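The following block contains the structure, expressed as structure tokens.
Labels run A, B, C, D, E and F following the written order; every chain starts at residue 1.
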Amino acid sequence: MSEEPGIKKFMFVNRKAPYGTVYALEALEVVLITAAFDQDVSLAFLDDGVFQLRKGQQTKGIETKNFSPTYRALEGYDIEKLYVEKEALAARGLTEDDLLVDVTVLDRKALGVLMDEQDVILSF
Amino acid sequence: MKFGILVNEGPYQHQASDTAYLFCKAVLAQGHEIFRVFFYHDGVNNASRLTEPPQDDRNIVARWSKLAEEHGVDLVVCVAAALRRGIKDENLAPGFRISGLGQLVEAGIQADRLVTFGD
Amino acid sequence: MLHIVNKSPFSSQALDSCVQVAPGGDLLLIEDGVYAASSGTVADNFMRDILKRFRVFALGPDLEARGLADRLIDGITPVDYAGFVDLVARNKTCQSWL
Amino acid sequence: MKFGILVNEGPYQHQASDTAYLFCKAVLAQGHEIFRVFFYHDGVNNASRLTEPPQDDRNIVARWSKLAEEHGVDLVVCVAAALRRGIKDENLAPGFRISGLGQLVEAGIQADRLVTFGD
Amino acid sequence: MSEEPGIKKFMFVNRKAPYGTVYALEALEVVLITAAFDQDVSLAFLDDGVFQLRKGQQTKGIETKNFSPTYRALEGYDIEKLYVEKEALAARGLTEDDLLVDVTVLDRKALGVLMDEQDVILSF
Amino acid sequence: MLHIVNKSPFSSQALDSCVQVAPGGDLLLIEDGVYAASSGTVADNFMRDILKRFRVFALGPDLEARGLADRLIDGITPVDYAGFVDLVARNKTCQSWL
């Protein structure tokens, strides 16, 4: 449990690319709802999940809603803990400058330790 | 040229049905013919008339129905896969029909090309 | 013939299997498969090897959706849905490596 | 101990809903409690009362309904995901109810464990 | 096109393991129907698809129908061309003796050539 | 904590990712994930390395369904659904590597 009674540490683990499947979009919908419950929320972007945060998504050609601006709105919901896997970025030729939002880049080991400290993990 | 199309995933969860739809539109725009679109596996869920996506999202089922209405495209839902997943005449969207797997094989025989969209 | 790959090379073996089985021909990357068309990744050299045996295409709308349109590896041709139809028409058969 | 369960895939296409069901049965058999089973993404398709699998196959939807009836397990279908996929009161199987995503968050808060089954 | 007019070469490409997903089972249902249309049918088992043919499947514990005996019935439908990827077997520690039915083991290159000769390919 | 993997190690990177991120703990293989528990495959040594850091379990009914029950790598413990429940109960949290 987290320090405050009644507050749990929720981590959302995102490991999938956007658009190929709906998981990224529907995960974001859960995150926004969770914010209303005053829990300790963090998001982890691992593996292909880092692609969710890529700048410059233009979805007109696939006739699908571009939901990437929503990541920018998370701050307004007091969701500020966004962790991104360092090795996943590097493998995909990405740097923090390629991302839509400010994030904390952590290596896998650090992410694994953080995951161990959670009360609830939701993986999509 | 005659195209047959196989759609193996349902709407929204996977991009397969979006890609299949946009491919079909391009097939017609190029002056080709669509012999049949066959919906198999979770693809049968593309035929549910009860879907109601958010206002700002595309309506996948309605798009298929419109394609059938405007271009006479034959949209066939596999009966066995549909029964397993709860698609029946009572919740079938306009433009779709339920039939057997033989319709897929026939598409393979009659069409010049068969393209599969799935996961 | 035409080979179609719709999976990310970082999470799935689909592209690997495709190029190991197919002797060559046309290869089209669609959906999450287009990540393999992006330069500067760990799959970059792998794709450059593939280009020696295959004519490689990537679906433009899928590249744009994922913010990859400006990072295409040299030698990969972006196509729109009409180009996708042409690729299918011009090959006798196609195989989707799902 | 109280368990929360999240099911992210529909019946038959993926094993996820089978595993989730067999896990739930074992949870109850071990004397634990199920706070809630939440169906999200294609998982909402587990709630279609129109499914009719072959005689020699398991009836996934009916199994869930029976679990609700016999053990009072709360089966909640996400309304937003359900609307996208055509699951509504008119085709909802017995024992399921449609509600918001808050019910999933509540399960995370109230249950001692939350286990996700998906693809 | 195949030698006889009106007969096409159909190949079913199976690349997925059984039970984790329904593709293997529902692919088999298409194969059986296709047999009734007097086409030239072959099945190729690549990658995890080779697991479909594994002996000794016992599905009571997962409360799901064991459909593996159906592969044995294919012969009765005059479906006798079953090709299995040599490298896939080796990678998974399997030999022909581990399989339910008689098959033709081909290496990847040979399978790729065979695939090129088809009129229709259905992949699940 | 408990890590759950349900994908074949031959077609997906899920198990790789799991063991690279997680420092150790309990690892349960279910569904197509149980193929990683089979001896004599190219993933055999990889799994033996994993066993040095993780307590590894495999869901028995999934092993049996796939005909693998007699090929379990030494050191991997088969569990039934009741054992699966115990593993979840005994760990504070679990993560499904979908």
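Heads up, the rule we're going with is that a residue touches a chain if its C-beta (ideal position, glycine included) is under 8 Å from a C-beta of that chain, and two chains touch if they have at least 3 such contacts.
All of these numbers come straight from a predicted model, not from anything done at the bench.
Of all chains in the assembly, those touching chain B and also chain D are A, E.
Each of A-F and D-E has its own count of C-beta contacts, and the greater count is at A-F. Put simply, the chain farthest from chain A by mean CA position is E.
Interface of chain C with chain F: the two copies contact each other largely through the same residue positions, with over half of all numbers used appearing on both sides. Here the spacing of chain C and chain E, counted between their Cα centres, is 26 Å.
Taking each chain's centre as the mean of its C-alpha atoms, chain E lies 27 Å from chain F. Centre-to-centre separation between chain C and chain D, using Cα means, comes to 38 Å.
Among the residues of chain F, those in touch with two or more other chains are 6, 10-11, 13, 31-32, 61, 80, 93-94, 96, 98. Within chain B, the positions touching two or more other chains are listed as 8, 12-13, 15, 19, 22, 41, 57, 80, 114, 116, 118-119.
The set of chain A residues touching two or more other chains comprises 15-16, 19-22, 47, 62, 64, 120-121, 123-124. By the document's touch criterion, interfaces exist between A-B, A-C, A-D, A-F, B-C, B-D, B-E, C-E, C-F, D-E, D-F, E-F. Chain C makes touch with chain F in their complex at residues 10-14. Only residues 6, 8, 40-41, 80-81, 100-102, 104-106, 108-109, 114, 116, 118 of chain D touch chain A when the two sit together in their complex. Those residues of chain B lying in contact with chain C across their complex are 1, 3, 8, 15-16, 19, 22-23, 25-27, 29-30, 32, 113-119.
Chain A makes touch with chain D in their complex at residues 8, 10, 22-23, 26, 29-30, 33-34, 36-37, 39, 120-124. Those residues of chain B lying in contact with chain D across their complex are 10-13, 41-42, 45, 48-54, 57, 61, 80, 83-88, 90-91.
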